[in-house]
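Chain nomenclature is as follows: A, B, C and D, assigned in order of appearance, with residue numbering initiated at 1 for each chain independently.
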Amino acid sequence: MIDMQNKHDHRNLDIDKAGVKDILYPIRVLAKNGGMQHTVAKINMYVDLPRHFKGTHMSRFVEILHEYRGDMSIRTFSRILDDMVERLDAQSAHIEVAFPYFIEKAAPVTGTPGMMEYACRFICSKKGEKDFRVEITAPVTTLCPCSREISTKGAHNQRGRVTITLRFKRFFWIEDIIHLIESSASAEVYSVLKRPDEKYLTEQAYANPMFVEDVVRTAAQKLEQMKDFSWYAVEAENFESIHNHSAYAYIEKKVTATGEQRDKGTPEER
Amino acid sequence: MIDMQNKHDHRNLDIDKAGVKDILYPIRVLAKNGGMQHTVAKINMYVDLPRHFKGTHMSRFVEILHEYRGDMSIRTFSRILDDMVERLDAQSAHIEVAFPYFIEKAAPVTGTPGMMEYACRFICSKKGEKDFRVEITAPVTTLCPCSREISTKGAHNQRGRVTITLRFKRFFWIEDIIHLIESSASAEVYSVLKRPDEKYLTEQAYANPMFVEDVVRTAAQKLEQMKDFSWYAVEAENFESIHNHSAYAYIEKKVTATGEQRDKGTPEER
Amino acid sequence: MIDMQNKHDHRNLDIDKAGVKDILYPIRVLAKNGGMQHTVAKINMYVDLPRHFKGTHMSRFVEILHEYRGDMSIRTFSRILDDMVERLDAQSAHIEVAFPYFIEKAAPVTGTPGMMEYACRFICSKKGEKDFRVEITAPVTTLCPCSREISTKGAHNQRGRVTITLRFKRFFWIEDIIHLIESSASAEVYSVLKRPDEKYLTEQAYANPMFVEDVVRTAAQKLEQMKDFSWYAVEAENFESIHNHSAYAYIEKKVTATGEQRDKGTPEER
Amino acid sequence: MIDMQNKHDHRNLDIDKAGVKDILYPIRVLAKNGGMQHTVAKINMYVDLPRHFKGTHMSRFVEILHEYRGDMSIRTFSRILDDMVERLDAQSAHIEVAFPYFIEKAAPVTGTPGMMEYACRFICSKKGEKDFRVEITAPVTTLCPCSREISTKGAHNQRGRVTITLRFKRFFWIEDIIHLIESSASAEVYSVLKRPDEKYLTEQAYANPMFVEDVVRTAAQKLEQMKDFSWYAVEAENFESIHNHSAYAYIEKKVTATGEQRDKGTPEER
């Protein structure tokens, strides 16, 4: 049977990424509590395609994914990238794996348990050296400092969403970054709250007003103190209760070996 | 050229709906200020298909849509349904047209103008008699009565979304239903607010705490007083600021000629 | 601490549904292979609220969900509905649970395995008697009979999506309905295909042209032969390769004890 | 009234972007036929925030948007960026405007007219010098060369979506890039097709098989011949008819003054 993909292409154009996109797959990831968490991931996998080949072999991506689905971690992503390069005769490889991650969380006063969902994404590539980014999103409550200051009673507040993206120098747990985010806003969000919990959080948020700008700065300060990351980006979005759009803030920074900030740099520049 | 669609089908099964789905089209709708508003609609159009035909003629739906796109209103929807039945040799016809509708709205204190977007949907069908439903969604602010009552300071609040669906006995303006929704919550939502406006709305919401349950009851009461509708449904959803999920409430009711409520009835029962 | 929700409401309006919406939760469901499948569900839970109560107790829904998350099936949904009615002092209860369901599927010629994702949804309610609907969506390939007939070579084809919703009289497996759907189109869809598989499916689809109308009729016929269902709806949508919109067809039917069709009836009419 | 946003912040952290996100607004854009096209845009607007300020003034973004909504073009985006920098006391500004753009398109044989929708996005920033990117997405048909080659009859084909992003040296029309995309695939997509049109397109696609890799290379070659662009990216995605996921390819390139390609460079590197 003819292999059309292996045919020669005469257009003299390298392709940066060719592969499969938006495939849904059941995967397992390692949790801080020691077990493997089952979840469902949306996955993209690409390799480069040199100018003399007509097409890539799409089925091989899914074959690789099928092998590794039972244990997805930074360590296996590294092996997946190696396998992609080898089995697809490529020079670079790229994989993105996005999934909901669940943690049981107890209400702050009554301790009532509920599962909280956090969005995670791994963005891994190999082009010469390997590069791993981890993206973690957690919901928070923010209470507006301006509204509180100018109003005789109350203050508008809302659900927000904070995303931290990291390049790391040392191993870290997703759980620790989630905790960092949740402690960088006016109050935390829970799946179950009884009345004593609701009172506690309402008062905590009122005592701790924060703009989206405050949230990204607070989270960025904590990331710098951890000294575990060579690059980070922090993004906060408020689903404003007084508007039909969001308020938004974003900081990103490359961190030098001495812990000082240097110039900016997008992930792609490395 | 053979007409496959007109071929005979032997499976003896009528099809309830056959047609086109999720087509995006630029349309114009009549606004209360007298002008025609340009907007973009997502549209579904279906007819029934008797058991002896193999297929419907999909291109005719879009031809009809193309003709009527410049003036979409209850009056033209009625004509569209007639045309669909005739040109597709059908006995029933169904069209759904969903679009964002914009109104310029001034901030409550400073009067600063901004455009507000509301989601509208017309659901029209002809099966023997004609049936028209109009669905209008507006964003609102809700402030939690429980949180306010039990907390020493502040109260959690959030953006919510209220949807009213109507079968009407008399003509009405979309603008009037939007106003009804916006006056049935703790406070209104705006696209531009200066500080005096923000103070006003924060205090208004605090003075006017409402659960989702309060919102649907308040809106339902106002709808019943208008006596213009033979059936209504009111749905409220709060994007809770203390949770990562929504609080939700729903009322629907058939209204008798005397204005009293009678038994329940979904749209499909009529 | 005051219970605002229990306060008296004077507006004299019953609320049909009050509860929580769009909560993401990890659940486990029974699979035909005997094991429990871990997946992630989006869930809505509502009860009615009599006119004399101001609000429902939102936290109790999530407490119930948390208890039952490890084993979700028709049997447990029945118990969940009972619990909701009891613990929320309600007369009716409603739960919707939507989740991706995965099945390992071998390519048709080479047998290469891959995971396929199918969308499932349970819609369960108790209002006097209990009512359970199961909704299953599977992707398929459809090849246009008209295009094939009129063209000298080739025929346009595309991915489609078929959804079957059922009320059942006897237990059935999700897997069996998925198989029914996949055998009602021009060809099946797979996650991994090698070249011999691709040749097989291309030729199979060409040999088996079907409109969306053919797909819903074929699936409906098979459902009627199974005699396990008291009501069904079949919906097919083609993501047309020659258009930027979908072709769509829909059949629904109430089935009498003798297996004959009687008059139509939407779920809500029962 | 206190201006909380102007208060001093002591954390010593600049914020890269602060502003409003996901605001829906009615806008008008210049069309090649000379008229102004009304459409609906989703808009993000950000400025930087120096380390000594606590917050930005969110309402000013929407005031600026409200002024310019009637005529949005590269020329006005340039003025919007200047206004943002000035009215928000910032050093950099960023605006993203995404909208559906409609063109009336005649079926290839019968000439039957229908409106086609294309997705457009402007991404404009000022940070020292100004940078403008235009992103245009059009649907296409792709027919698989491998499937055609190995099968005795037929070939799988599907709807695809091609996105071109450009930095330009000279003015160009959106219409011209749409035409470039539509002529880089197996066949074009239409909103209305009669049977002679369907025959024509089926045969055209069969005669012109293309992988996603072929599509991005063909489009890239055409862009290079135009010599109007200093940088481009071409992305193609096939909604595979035999899979439940997409095939994907991506090329990007910086173009030197002499028209040759030099090294790669992401937008952010400039």
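The definition used in the following text is that contacts are C-beta pairs under 8 Å (C-beta built on N, C-alpha and C of every residue); 3 or more make two chains touch, one makes a residue touch a chain.
The shown structure was predicted, so the numbers you read here are calculated from the model rather than taken from an experiment.
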Minimum number of chain-to-chain touching steps separating subunit A from subunit C: 1
Greatest separation from subunit C - chain, by CA centre: D
Cα-centroid distance, subunit A relative to subunit D, in whole angstrom: 25
Distance between chain centroids, defined by C-alpha means - subunit A, subunit B (Å): 35
Sites on subunit B at which at least two other chains make contact: 1, 23-24, 117, 146, 150, 191, 193, 195, 199, 243-245
Contacting residues of subunit C [partner subunit B, same complex]: 1-2, 4-5, 9, 11, 13-24, 44, 46, 49, 54-56, 58, 145-146, 149-150, 211-214, 216-218, 220-221, 237, 244-252, 264, 266, 268-269
Touching residues on subunit D, where the partner in the complex is subunit B: 1, 3, 23-26, 38-40, 59, 62-63, 66, 69, 100, 102, 112-115, 117, 191-196, 199
Residues of subunit D defined as touching subunit C within the complex: 116-117, 139, 141, 143-144, 146-148, 150-159, 187, 189-191, 193, 195, 198-199, 201-203, 205-207, 239-245
